[in-house]
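Please see the structure below; I have some questions.
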Amino acid sequence: MNGKNEIIREFEYFIGPQHPGITGNFSIKLKAKGDVILEAEARPGYLHRGFEKLMEQRHWIKNVPMVCRICVPDPDPNEVLYAMGVEELAGLEVPERAQWIRVMVLEMSRIQAHLSYLGGISGALGLYTAPQWMTGDRDYLLDRFEELTGARVYHIYTTPGGVRRDLPEGFEDRLRETLDYIEKRLTDYYRLIFDNPVFQKRTIGVGTMDPDWAIENGVTGPNLRACGIKADVRIDDPYLVYDQIEFEVPTETGCDMFSRAMIRFQEIQQSINIVRQVLDRMPKGPFLNKPGNPLMWRVPAGDVYVRVESSKGEFGYYIVSDGGVKPYRVHVRGPSMTHGIHVIETLLVGQRVADVSPIMFSLDICPPDIDR
Amino acid sequence: MTKAKPPKGLKGWAQGRSLWMLHFCTGCGAIEMPPTMTSRYDMERFGITPMATPRQADLLLITGYLTVKTLKRVIRSYEQMPEPKYVVGFGSCTVNGGMYWDSYNTIKRLDLYLPIDLYIAGCMPRPEAIIDGFTELIEGIKKGKFDGWIRYKENLEYYKRNQAMVMDIRKWSLDAELAERIWNEVQEERRKRFERATVKHVYELAERIPEGLPK
Amino acid sequence: MSLEKEQKVVDLIKVSFEDAEAEIQRERRVKVKVAPNRVFPLVAYLKGNGFKHFVAISAVDWIRDGEIELVYHLWNYDEKVHVMIKTRVPRDGGSMPTLKPLFNQAETYERDIHEFFGVHFEGNEKLDREFILEDWDGPPPMRKDFDTRLFSAEFYDQEDLESEALRLKIQPYKGHLKK
Amino acid sequence: MAIKNFFEPFTALKHLGMKPHTIRLPYEKKVPADRVRGFHSNDLEKCIGCGNCAQICTCQAIKMVEVEDVPDGFGRTKFRPQVDYGRCSFCGQCVDVCPTGSLKLTDKIVWVTEDPFDPETGWVFIPDNKKFPYEGKGWTTSPETSLLQLERQEMPERDPEERKHDFGPVIKGFTEEAALIEASRCMGCAICMQGCPTGMYIPHYLNAIEHADYERAVDIFFINNPLPEICGTICTHRCEDACVLGIMGKPIQIRYEKGFAASQVDDYRKVLGYPEPEKKNKKVAIIGGGPGGLTAAFYLRLKGYDVTIFEALDVLGGMMKVGIPRYRLPQSVLDKEINHIIDYGVEVKYNTRVGKDVSFDELKKNYDAIYIGVGYHKGLSMGIPGEDAEGVMQAIYFLRETNLGRPPKIGKKVLVVGGGDVAMDATRTALRLGAEEVLLSYRRRIVDMPASDEEKHEAMAEGVKFLPQTLPIEIVKDEQGKVKAVRYVKTKMVPQPGGKRPKPVPIEDEVYEWDVDTVIYAIGQAPDLSFLPESWLEKLELDSRGKHIVVDENGMTSIEGVFAGGDIVNPRADVISAIADGRKAAEGIHKYLSGKE
């Protein structure tokens, strides 16, 4: 104690590195007065494997199994990013069908990521029925992934030049079935979560951020759209065949946890529509334009920045090649690099300790993006 | 001090049927835990539920690679768990480094640092494999087969020495002066290893020039 | 694809930064090479002209040139153009002014680059705090002269099979050249 | 709290009747999908141990380990992949680069152990079909999903109609870009080295070519082959038969790659930069200036011996010069490579046939070692009536005269008898000399013909009529003794017991006739050992059928100090075998002579 008999008002809390409400080990040091947080400091680093260093040790094609493990709840953006970046550097053009398949895989991955997001945020608020429902329903989508790519989570399916295998036969109808089932379930989810007075009381007006502050502080993706700003990489910086697909970008104006959750909820519906459009209009034809011999393929020197709209925000790769058989440098710019560090630190100030975990989940922070 | 023995018979059956899993899933394998815990595969049928604090948990799941930073917290949590306690290693990373075999920040062989009772193969093991692992764990506990924590207590010196090689164990061990002693003993070997490990590497364009030609 | 949006950005930069070499890489991508001390004014200038989204700072260790290249990525939500400002600092002892006054999140990227590349950013007071690596007293790991395979082999005694597997298995290959 | 929220929970009653979607593992089994990536299974017979999977594995989980009870032989090794599941990430890329498709990922995904380091039941083992049997479901490879580059750069050829009238080269040669792409297909598994008789370092020079580093490629050629461009044009490319890419797709054009790389370098001597050898005052005599003799001469000169070649004709090159027509092997290539060898100080005595102009005993006396590389220059004849008619000749004679610039007169309709490469050369040379119609008679089927497939296709394309399963029995002469017609019978194939090649048996009852005016025999050659005096001949050990000389592993015959190589030793009778024998003999002579001091 500090000598004088002053009553200690401020406490230090350590949240994490167990799962305080996010997918992955992450910890926050809080200084709070009683229940109200005065200051927060994010402590990442528990999941640092030195991805970028390891990718410089492997040939171009050998990095394909590696990239999907960067952000595990939403693996496909990483695979598509790496493939698109390498294709752009090497000037390797991708067959039409492969681009449509990639869009389908991206949107399916977004649906399953949002389902686990909604399950997570309601779990953090003590509403345990929702994670049981949503993780269970998400599993149907994982079965479709298992049929298409051979693995539930680590798909290793998109590779530079296209995709590794074509759709198995009978896959479209089973996928449509799953999408109908999830779409039918959405009304149940809405009533379970958004109509729930406890959820509304705990999330409306909590963890709000000001739209201009959000743009300037690098908030991207659904978190930005929750502040009324219509910014979506699929429309701003179109890639693959998104410019041939009609879909709206839902926006909310609440800028708080409720609207962030609502954005994800509506995006599930949009993604289901996109996947249906893709299934209707997918052309026949080759699905892979083989790159060179995996042990000798040299990508011409150059650098490129590619970005994709992942379920957590704008995911970008900056790939540099010096003309060798291995990448010279790959910089992974995850969306949580801003959400997880100084956005959460500013957002938590003034909130109550019990809201730390739900707020972190509402921003959908994925610590492996920060640590790589 | 009588030699600790794993529970058997009725006590073992009771212990096996109500394992509480410490909610500390390391590495990228944690993504397969929610489906196993929730309605689709539902491991609560076996009485296994997540538990927030190590004080009430008796099953520690290492579900993937361990960075040095996480290893420190895992060891502290493990040492705080009451006995009998069990550790299950998931996936390739806990056995021989897995995909990150050449990373400078992840530990490669988990059983140098913690006594692992059971390994589940896969990268990442699927819920079917996890549930199969749990049923085998429950059978084993009933028969009193798993005595990892006893191994840890008896060879504490061995484990602490290995841990000290990769991390500063003084702040992260229950037994402080043992940690202090081993930490000082190991400094010399650790510094030598570090020197050998950080020799400057000359970069040349990544080419694949084959060797094996006769001179 | 008409490139006049990108050309407009290039002209925007050229008008008040003659020394910057701006070129269009492809649609929606503009590359600018500029001296280290000109980065702060250029970013401030672009921020005033609609480039509100500070995407990231990337660092590339060009060990053969003895320089570390810092790439500042900016995105314009209205014009939908991505600008990559490239600058080079010496590998050892290189330092840059922090961009924290312009964009808060620049601080995070600078801490990341400082920890992994060893570039100093004046004005960033969180620089010496541990960010991702804990108790790491080796060299900044992302530099090219740090060999992670050697480290993994020596520190964690991991066998590096690649040199053996990738070596072309020629003479003598035991059961190989028996005629 | 609105009234609606009060009644909300009762809507959950609709789930009452539904079946829960919980999969009651382990009692209920979850059926994995068809394309699941589980544990490995490898068909140890089908696997050839090329090591591609070990090279592609990003986690270094696969290591090639030698296994005892697996088939060995041409195009395979005894190495099998050993997988370490403490590393594997189940990405399936090892399956995608497997050239035979023997390595698969099964749909087995459950494996729990207490001790993965146990040598028997541990996680490091050689996958076979017993531990995790493959039952139709899992991750397999196929030509279009394989990571291997299975298509190859076809060699552009001149149009058959245009090329059959002149002796210009048939192939147009690779462009640099095509050569680099073709060379980049090589996975570096080095199985092709088994196929090459002289064991050239093929993956190394393909790697050099892929980097457009032709000097390094030439250095690698000359380790064991001093005639790279010749081999790059006419080799029988057994290395391509062993190439793993040929199993699912097309093998790499190793022969044409070698030819292309060698053609890019004009001055070999400057590139090789061999130092002046220190003189050894020993003399070696080489009988016959064919590929074997030239190779031995080159490597012996490099070792410092004084070498003299005794050539019966007035040109060097042996079968390469007189046997192979100019459209297959241009004269410029011959001159370049032979002159390069000669100007290392090899002394050549033209028009000196051993046994006539100089005796073998003289050589035995004044030279410390002798290399016999005379090759097969005597053609066999069928021994059917009417053979002595005018217009009947041996293919060897016909080709030699044409190649030496004095083509013998042939009629309008030519019949060639035989099925080997020499027969192919004879037919196409006859076409080029103006024959309107060329027939080829062969007693077995087309598929049994020993000629290479390319030769057959090119001959057919140029209009040669193939008449398989025909056997000439008599040549009909007209009054002036010239050939008028050939009577022949058809044969039927009778399968032999014990899996030997089926034998063609003539069908006697029906006799047919072709009216041709020239007949060329190309039914094989025999050795011409007449230069050896009787006293040496019976000391020389020949093989059972008396057609080949027996040599030990150093290339030494039964006569001490006398070495031999090429067609008279090697039953395979192609240029690369002669070069290999020449190389081996050079080492043998060097060991023999340095041993004798």
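Letters A, B, C and D name the chains as they come in the text, with residue numbers starting at 1 for each one.
Keep in mind that, in the parts below, a contact is a pair of C-beta atoms (placed from the backbone, for glycine too) under 8 Å apart; a residue touches a chain by one contact, two chains touch by 3 or more.
As the structure is a prediction and not an experimental result, all values here were calculated from the model.
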Next item on the list: Using the touch rule from the top, work out which pair, A-B or B-C, shares more C-beta pairs.
Entry: A-B
Next item on the list: Please identify which chain has its centre, taken as the mean of its CA atoms, farthest from the centre of subunit C.
Entry: D
Notebook entry, point to check: Hey, how far is the Cα centre of subunit A from the one of subunit B, in Å?
Noted result: 28
Notebook entry, point to check: Could you state the distance in Å from the CA-based centre of subunit B to that of subunit C?
Noted result: 35
Margin query: Centroid from C-alpha atoms only, then distance subunit A to subunit C, rounded to Å. What do you get?
Written below: 23
Notebook entry, point to check: Hey, how far is the Cα centre of subunit B from the one of subunit D, in Å?
Noted result: 55
Notebook entry, point to check: So which bits of subunit B are touching at least two other chains?
Noted result: 39-41, 69, 96-97, 99, 101-105, 123, 126, 207-208, 210, 212-214
Item checked: Per-residue multi-chain contacts in subunit C, two or more chains -> 133-134, 141, 148-149, 160, 166, 168-171
Check: In subunit A, which residues are in touch with two or more of the other chains?
Finding: 45, 48, 50, 53-54, 57, 65-66, 136, 154, 295-296, 371
Notebook entry, point to check: Taking the complex as given, what residues does subunit A use to touch subunit C?
Noted result: 44-45, 48, 50, 52-54, 57, 88, 215-218, 220, 229, 231, 236-237, 295, 303-305, 307, 314, 316, 318, 320, 328-329, 331, 333, 337-338, 341-343, 370-371
Next item on the list: Give every residue of subunit A touching subunit D within the complex, in rising order.
Entry: 58, 61-66, 136, 143, 146-151, 154, 156, 164-165, 168, 191, 195-197, 286, 288, 290, 292-297
Checklist line | subunit C to subunit A touching residues, read off their complex | finding: 25-26, 28-29, 52-56, 58-61, 71, 73, 75, 77, 80, 82, 84, 103-105, 107-109, 112, 130-134, 141-142, 148-149, 166
Checklist line | For the subunit C and subunit B complex, residues of the former touching the latter | finding: 63-64, 133-135, 137-139, 141, 144-158, 160, 166-171
Notebook entry, point to check: In the complex of these two chains, what residues of subunit D are touching subunit B?
Noted result: 20-26, 30, 39, 58-61, 84-90, 109-114, 116-117, 123, 188, 201, 203-204, 207, 211, 220, 223
